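In the two complexes that follow, chain A is the common piece, with chain B as its partner first and chain C second.
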Partner chain A sequence: MFAEQLAGNLIQGLVLGSIYGMATMGLSMIFGVLQVVNVGHGAFIMIGAFTTMTVFTKLGLNPIFAIPFALVIGMALGFLFYYVVMQRLIKAPELASLLATFSIGIILEETVKLTFGSEFRGFNWETGKLDLGVTVLPYSKLIAAGGSALVALLLYLWYHKTRSGTAVRSVIEDSEGARVCGINVNWAYALSFALGIGLTVTSGVFLTMFIPVGINPYMGGGYTVKAFVIAVLGGLASPYGAFFGGLIFGLMENGSYTILATIKGVEPFALTRFFSFVTLLVILLIRPTGLFKSQ
Partner chain B sequence: MSARPGKYLALIPVLAAYLGMFVFGRVQPDMWQLVAMLAFYCCLGQAFNLFLGMTGYVDFGYVAFVGVGTYGMALTLSRLSGVEGIGFGALVIGLLAAAGMSAMLSIAVGAVALRLRGAYFAIATIGVNEGFRYFIEGARIWNGSEGIIFSKDLRAIFGRETAIALSTFWADVFVIVIGASAAVVTLIYMRSKIGFALTALREDEDAAKVIGIFVTKYKIIAFITSAVFAGLLGATAWALKLTYVYPPDAFEIHYTVEAIIIVMLGGAGTLLGPVVGGLLYGLSKYWLAIILPGFQLLIFAPIILVIIVAFPEGTVGYLKKKVRGTALERYIV
Partner chain C sequence: MAMLKVENLESGYGSMQVLWQPSLEVEKGSITSLLGPNGVGKSTLLLTVLGVVAPSGGKITYEDLDVTRMPSHDKVDLGLTLVPEGKHLFPSMTVHENLLMGAYRKEARRHREESLELVHALFPILKEREKQVAGSLSGGQQQMVTIARALMTKPKMIMMDEPSQGLAPKLVGEVFETIEKLKEEVGLTILLVEQNAAASLDAADYVYIMHEGRIKAEGKPEEIKGSSEIREAYLGV
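Coming up: the complex of A and B.
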């Protein structure tokens, strides 16, 4: 009985984990290239969630069609914030970029609150279900997980097989050297920031396919913390590390929930979230470079 | 270190500001609520500045210390209400509990986070408030997600009249005193080895280490001091004033946001900055609540962006540059 429940929840965790992973890749990418921690990360996921909801309820389109909208909106926001704010802070103390991304997050949240109101919303996308015996997976969740894995693969190909991806990698290695070789470093920063934000907003689409309820302007805060845990698990600067970190985190979250639910007198949902925070502290303490490679 | 005359002259304007708030509130009793709000923001900024301003590290989970302090007072009052003749002893124990509990949390968090630099520090702290909130709710300690309501206990200890006076008047006076004390401690730190070490750390942490400054020690001192003032603020401005504590409210990240705005607006690392920032923020919030309710964050977040990009020293930092070399130099710090 318990084993069945655990197996079911772990499968769900793996599916959710791939979405978590994708939702963290943008954060890792921006940190990897610009050395900037996007503290407003969750707000961009929220933008993706609202994009999906609008596409689904106002335009009456399948949430899959929200992906191109989200990518375009995200990249546009990314370029806008990069050229208006971030490029002036590349050489500033860390305090400046942390507070700047934090403020950008607040601007987005408050703008959405003014447009849509602050109550929770959701939508209902019926796609049928896949019965695995121990658990039932709606196809919408599988599409979201598959889409996330596909995006991770595309990002890998872009990084390693295209000229612009190679240019960005060279900037990560040595921005001065890249400049000497004729790479437009500022453009590489701008592109990475915009792609990172674009990925994050797109991940909001996948997240709402998985969990189509609980959309609200302030929904991002929880995801910011989760994304930090995942990013640190995967080594803060590595987007693929983040993807695998997401898988581990999804398994961990659902596994610990299932185990905590058997203990009487505790609130398993809240404790799960507490443990994800403790995980963050423990990893930062013992292995701040992530689980996968040492520096 | 030679004792310079006028070393502590800079306290005059900042203490005058706190005294001015009190006097204004007494003269205009119908404005007392506004004074209470302004005092809260000045005190929040003053306490937050002790760490952010002096070290240049951002603690995104700062509100957790205010929340834990609120719990310290709430638990004390609700547990001790049955004790015969405890009276004002309960208040003292409550304040001590608030200070002690926030100090303990800050040591626990600091033990991990203060080993980390810059971005990693921010990442480690961003979940502290949520993490602690979910710990209270999840482990069902301190009445779990239901929170603690203790207005009855407050009346049982002090009697009806005194309880009301405590909530509506003395709580705010305490806040003013705590804010002023935080300012005094800030200046003492600035004028001592701690301040010099932290300035070196803020400018270049590696260089500070190389010349033999034990940076972690000074970071911890600033972190704990800042947390203790936050705890005292929670015990008075939230616990005594509201007479209840409820986890989602006590650990609301919104207050960290406000603390950041206040400190940046006034000038991080300056003595007078938090008061100037607190007054600017509090008054505009009060005014915006009348003409554009719900807009204050949407207005302040872009202002913070502008400050960070164009004007990182804040109002007082700017003034400080202007008065350099004049007689005012000693007063604006």
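Coming up: the complex of A and C.
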């Protein structure tokens, strides 16, 4: 009975973990290329959630159609914030870019609040279910998880097989070396920031497919914190490391939930967060560069 | 004919001015050497000429074109590049991948195969080590990759910042031999920044002495060698 429950929860964890990974890749990418920690990360996930909700409830379209919207909105915001704000702060002390991304997050949250209000929203997307015996998975969740894994693969191919991806990789390795090869480093920064934000907003679509409720302007905070933990698990600067970090985090969260739920008098949900952060601290202490070899 | 002309250049980092209007000319097909002690602005001059550091005053002319504010990637297209101090390779890429990065620009990519042949003829060991990760090479071999990567950009002129730094004496000789080969056999124009004054004076066609962000003396190497005043004041040889 317990084994079945654990197996079922671990499958759910893997599915959720795939989306967690997706929701961290943008953060890792921006950190890897620009050495900037995007503290406003969660606000961009929230933008993706509102995009999905609008596409579903206002346009009456399948949430899958929110993906191109989210990518375009995210990349447009990314280029805008890069050229208006971040470009000037790259060489400034780290505190400047931390405060800037923090401010951008708040500006986005308040703008969405003014437009949509601050109440919790949700919708119901009926897709049917896959019964695995130990657990039941709605197809909406499988689409979200599969989409996330596909994006991780595409990102890997972009980095290694395309000209622009190779240029960005060279900037990560040595920006001055890239410059003497004739690579437009500022463009590589702009592209990486825009792609990072585009990925993050798109991850908001997948997260909303997985959990289509609780949508409100301030929903991003919790995801920012989880994304930090996952990014550290995956080695901070490596986007596909982040994806595997997400899988591990999803398994850990659901696994510990199942185990903790068997203890009487324990509220397991609160304790899973406790465990996540203990894990983060332990990893920081024993392997500060993350569990995976960084690229 | 002057390939590169720097006039009254001013630049620095933030509020710290490093270059105080040095002027110099690099003749086409020559090795021009820029000498001077550490921290007098030689590297800053090269970085400003390439466009990595923005100039705050003065003029840079390359092949009769005003390139003072031109971004570095456009200068690489015009055949000007830099072998930076401290190598700046892509450590986790292979030797071959590092070389291909040098041929990133469109024009350079069209000549990629012939550039590779040239580079492998100059440094046969790089062909052997092709698949090795650059970060695992010895210091001397890394320096070869740095020079080779610059050659892959299909340059007409290369600026070199301390190419012999940190190398064993035997390798220092090899680096200077390579530099002379690049001039004689490949027909490149070279602006060389070096701490190794003796070897630089031997290789150079013309020499500038820099001190505290200014050009203090210039002349043919014989003239510099002949002036005990200059040698004692700026070169310590």
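One rule holds in what follows: the second predicted complex is superposed on the first by the 293 of 295 C-alpha atoms of A that agree within 3 Å, B and C clash if a C-alpha of one lies under 4 Å from a C-alpha of the other, contacts with A are read in each partner's own complex, and residues count from 1 in each chain.
In this section, a contact is a pair of C-beta atoms (placed from the backbone, for glycine too) under 8 Å apart; a residue touches a chain by one contact, two chains touch by 3 or more.
No experiment lies behind these values; they were computed from the predicted model shown.
Student: Please tell me, clash or fit, for chain B and chain C sharing chain A in the overlay.
Tutor: After superposition on chain A, chain B vs chain C: fit, no clash.
Student: For A:Thr224, decide between first (touching chain B), second (touching chain C), both and neither.
Tutor: In the superposition, A:Thr224 contacts chain B only.
Student: Return first, second, both or neither, reflecting whether A:Leu280 touches chain B, chain C, both chains, or no partner chain.
Tutor: first
Student: With both complexes superposed on chain A, which partner does A:Val213 reach: first (chain B), second (chain C), both or neither?
Tutor: neither
Student: After the superposition, just quote the angle formed at chain A by chain B and chain C, using C-alpha centres and rounding to the nearest 10°.
Tutor: 90
Student: Regarding the shared-chain residue A:Phe102, is it in contact with chain B (first), chain C (second), both, or neither?
Tutor: First partner only.
Student: With both complexes overlaid on chain A, does A:Thr111 touch chain B (first), chain C (second), both or neither?
Tutor: First partner only, chain B.
Student: Tell me which of chain B and chain C touches more residues of chain A.
Tutor: After superposition, B is the partner touching more of chain A.
Student: Looking at the overlay, what does A:Ala270 touch: chain B (first), chain C (second), both, or neither?
Tutor: first
Student: Go through the superposed model and pick first if A:Ile183 touches only chain B, second if only chain C, both, or neither.
Tutor: The second partner, chain C, only.
Student: Rounded to the nearest Å, state the minimum C-alpha distance from chain B to chain C in the superposed three-chain model.
Tutor: The answer for the closest chain B-chain C C-alpha pair is 14 Å.
Student: Using the superposition on A, tell me which residues of chain A are in contact with chain B and, in the other complex, with chain C.
Tutor: Common to the two interfaces on chain A: nothing.
Student: Quick check: in the complex, which residue numbers of chain B touch chain A?
Tutor: Those residues of chain B that touch chain A are 52, 56-58, 60, 112-113, 115-116, 118-120, 122-124, 126-128, 130-131, 134-135, 137-140, 144-145, 253, 257, 260, 264, 268, 294-295, 297-298, 301-302, 304-305, 308-309, 312.
Student: Sort out for me which residues of chain A touch chain B in the complex.
Tutor: Against chain B, chain A makes touches at 31, 35-37, 39, 85, 88-89, 92-96, 98-100, 102-104, 106-107, 109-111, 113-114, 221-222, 224-225, 228-229, 231-232, 236, 260, 265-274, 276-278, 280-281, 284-285, 288.
Student: What residues on chain C touch chain A, complex-wise?
Tutor: 50, 52, 71-73, 76-77, 81-84, 87-93, 101-102, 104-105, 108, 149-150, 152-153
Student: Considering the complex alone, what residue numbers of chain A touch chain C?
Tutor: Going by the criterion above, the answer is residues 163, 166-167, 169-170, 173-174, 176-184, 186, 295.
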